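Below: a set of structures, written as structure tokens.
Two complexes are shown next, each including subunit A; its partner changes from subunit B in the first to subunit C in the second.
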Partner chain A sequence: MKLDTTGMESAAPVWGSHNELVDEFSAAPSFELPNTTDFDGFQKEAIQMVKPAKGTTTLAFIFKEGVMVAADSRASMGGYISSQSVKKIIEINPYMLGTMAGGAADCQFWHRNLGTKCRLHELANKRRISVTGASKLLANILYSYRGMGLSVGTMIAGWDETGPGLYYVDNEGGRLKGMRFSVGSGSPYAYGVLDNGYRYDMSVEEAAELARRAIYHATFRDGASGGVASVYYVGPNGWKKLSGDDVGELHYRYYPVMPSTVEQEMVEVTGA
Partner chain B sequence: MARYDRAITVFSPDGHLFQVEYALEAVRKGNAAVGVRGTDIVVLGVEKKSTARLQDSRSVKKIVNLDNHIALACAGLKADARVLINRARIECQSHRLTVEDPVTVEYITRYIAGLQQKYTQSGGVRPFGLSTLIVGFDPYSGVPSLYQTDPSGTFSAWKANATGRNSNSIREFLEKNYKETSGQETIKLAIRALLEVVESGGKNIEVAVMTKEHGLRQLEEAEIDAIAAEIEAEKEAAEAAKKAPPKEK
Partner chain C sequence: MSIFEYNGSALVAMVGKNCFAIASDRRLGVQLQTIATDFQRISKIHDRLFLGLSGLATDAQTLYQRLVFRHKLYQLREERDMKPETFANLVSAILYEKRFGPYFCQPVIAGLGDEDKPFICTMDSIGAKELAKDFVVAGTASESLYGACESMFKENMEPEELFETVSQAFLASVDGDCLSGWGGHVYVVTPTEVKERILKGRMD
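And now, the complex of A and B:
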């Protein structure tokens, strides 16, 4: 197991002492630590600052026809909405998708890296990598960076020789196989709708509608989720984007404004 | 440290790697080994030098498992073989751990061949003095395969092949007599090929059979004797048939 030795170096390193190349044995990356009074607390605080609160809603579920993957598109920095049009569903390769929750850069980079590894596997072994294998590769990478402040909560969804596959992988190095997952600050709301409406034998349209509704409801209640609800479908021939609807428009589609009678209609007062 | 930079395998003026060729010589002096691929079965056979009476024959098994679905036989330096086999076994498990999938025969052959090649291009080491025959079934498609590697690090797939002592005669025999077989027929073909160069008898050859369902199974001496007897009988019948028609004229 690759040990994380960043916390074991001397508390007050001399500035300018370069010991990166000397040790053959400690290959773990390290950074110079500043002189500070609260050494332990400082580390925790730094990790907390770096680790954004995974403000997002993503979900994926397996059903009879394949895998449905959906996500919102809002990026927030605290209370500030930095973007309403972030692509949170990452195309690893034509038959595998990854979802983004947590640090955008971390997710994008490591998914891209995973795509590279999957392609190399294909070239070397003359067969596609399984969803199991791909998710395991990612989980192993994230595990080796455990405690270094990566923030990744992703779902790997794909279709391989054994059929549809769905795995949840996070920055702790955890990896779970499952039929339904939702990740992010809006996930409780999405789970409510998803778990209520889920049936294994749905058609593609029904499943897409369920996914869309779940994302919509999460964006309605969760401030950190919003923008556009994208829905992707992964089938035997690879993934296909089904829809990308603005959640504001979805709101009025699901809850159209009913003209209601008012007690006293205001009449325009004509000029004197 | 500087001593280890001395490469042992270097090119000769006319483009040969003599250490590799000498390693092939070592292989040519090793025990004969033959492998045959059938439609649903793969067979490995190895020549067995008569075991000394006090030796426990169970400790000198020449056909080994790399994983549940892959087996290996080799010709050449047995000590080198042990090292290579251990590395291959670890790689099989490591692959299972990192991708949650058993290795394919091609993958592990590529790994072993890569290892053999590395030792022809490193400082302070000599090449492995053995050629291997690797058989197995693809974990998903169930297709049987037979591969061979050699000290230079090349590998290729075969329908049937032999290595070690007198491998050329065995290969000639296989080329003449090979056809797509399955089950017992494949076993008989492998034993017939081996008996071309080895004295007949169950105690002089070791045969192992691998099927998708049952994995690797070593044949008992009695079984091998029985099949050898069948082969003898068939040979005699063929001889007799050849002699018979002229008489009738």
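And now, the complex of A and C:
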């Protein structure tokens, strides 16, 4: 089984002559495969445990000034909240961001791997990699691991020579170019708010507020999303974190508790 | 997720000095989706007896209606309200009637018995009573609730302090559970009055 190991190869040169004894030491490092009869089946339980996950809300959209990327910060295991402070927006390099949905380990590892590959591209070609190229690299890697139980639902957002770029890449190997995406169990709720409020010509503040509201509404309705709504902006000079608001507080900011009207009030009765 | 976690719920009842507090969350959901944030899980049977039902919401509603019916019959026959201990026995019997096709609920019963002595108990879905002197919990957040109540409980708390303790333990626990929360409903019952309060919680 040929696994994609580019980006993990060591700098040591491989000698021309093939000597069985030497090959062991100079062969390129690769993943060890378990020695089982049912290679696909034995992981089924693990895959099933991960599959329904993607308990999260992430979104990204392109507008006039660049790309806005936002996500919640909750990690859940079934019904239990394991963390309220997970970083779901991964900084691949100073001008490209990736979002995390699905398996945390999978997303973190493969995004870092992508960052490595992007840097190698820069060094080899003396210019930055485009968002198109970076997303294609990731999509090809994920395609080669198709069916092996990786759970990755990510958006690659960045700014390159052609302007803002946004791609959706998932563990099935799918790759879509688009202007607006939302990924995760809270995505239907986020889409509702995002699609309603979206205009191409918005200012950075308006776009940030739209992204924040969309994440907030998703955390309100979806049980698997919550914590902190982080909003990042990707512009011509790279990405910048705009805000990280606790959604518990955002609720009372958007819907403050009004003192209710008094229907019946008890009054002191003077005299007898 | 199991059938008990389909709608999501959190309930706790705690004993104080001649008073008790019973609290529930306000979320009604369908697995991960939240449908309502003002769902009533605690119902009054009579002025000194409250019943909270966690678990599947449809079974909770039906069971509540059956129990109110039985209590009203009792009131007509005996011309008085049911004691909490008697009511607990009634609930247990009704649940065990359905031993091989149970109601997917876990009731929490809290009331003031003779001489204003507070009484709390919980049951599993087939009627096994668990009496406690300090607190009882039920619902999807029950494990966190056990921990929070165990650490925050003190004996003989006055109503105000009891309310604070129950609220803090409750909010801390439901914040660790995806399926319950979205506010809280607390009843503090003393021999003279019933105070109902709504807690402002995290809405995520």
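Assume the second predicted complex is superposed on the first by the 215 of 272 C-alpha atoms of A that agree within 3 Å, B and C clash if a C-alpha of one lies under 4 Å from a C-alpha of the other, contacts with A are read in each partner's own complex, and residues count from 1 in each chain.
One rule holds for everything that comes next: contacts are C-beta pairs under 8 Å (C-beta built on N, C-alpha and C of every residue); 3 or more make two chains touch, one makes a residue touch a chain.
Computed from a prediction, not measured in an experiment: that's the story for all the values here.
Student: Based on the shared subunit A superposition, would you classify subunit B and subunit C as clashing or fitting together?
Tutor: The answer is fit.
Student: Between subunit B (first) and subunit C (second), which, if any, makes contact with A:80: first, second, both or neither?
Tutor: Only subunit C is touched by A:80; subunit B is not.
Student: For A:185, decide between first (touching subunit B), second (touching subunit C), both and neither.
Tutor: Touch partner of A:185: subunit C, not subunit B.
Student: Quick one: classify A:220 as touching subunit B (first), subunit C (second), both or neither.
Tutor: second
Student: Examine A:125 and indicate which partner it touches, taking first as subunit B and second as subunit C; both and neither are also allowed.
Tutor: Once the two structures are laid over each other on A, A:125 reaches subunit B alone.
Student: After lining up the shared chain so the two structures overlap, which partner does A:243 touch, if you call subunit B first and subunit C second: first, second, both or neither?
Tutor: Touch status of A:243: no partner.
Student: Looking at the overlay, does A:257 come into contact with subunit B only (first), subunit C only (second), both, or neither?
Tutor: So A:257 only meets subunit C here.
Student: Report for A:113: first if it touches subunit B alone, second if subunit C alone, otherwise both or neither.
Tutor: Neither: A:113 stays clear of subunit B and subunit C.
Student: What's your read, subunit B or subunit C touching more residues of subunit A?
Tutor: For subunit A, the partner with the higher number of touched residues is C.
Student: Closest pair of CA atoms, one in subunit B and one in subunit C, after superposing: how far apart in Å?
Tutor: 39
Student: Common interface residues of subunit A with subunit B and subunit C?
Tutor: Touching subunit B and subunit C on subunit A: no residues.
Student: Touching subunit A in the complex: which residues of subunit B?
Tutor: Those in contact with subunit A are residues 98-101, 104, 106-107, 110, 140.
Student: Which residues, counting only subunit A, touch subunit C once they are in their complex?
Tutor: 55, 72, 74, 76, 78-81, 84, 185, 219-227, 247-248, 251-252, 257
Student: If we count contacts the way the header does, which residues on subunit C are in touch with subunit A in the complex?
Tutor: 1, 5, 8, 29, 31-34, 140, 175-179, 200-204
Student: In the complex of these two chains, what residues of subunit A are touching subunit B?
Tutor: Those in contact with subunit B are residues 124-127, 129-130, 132-133, 136-137, 140, 161.
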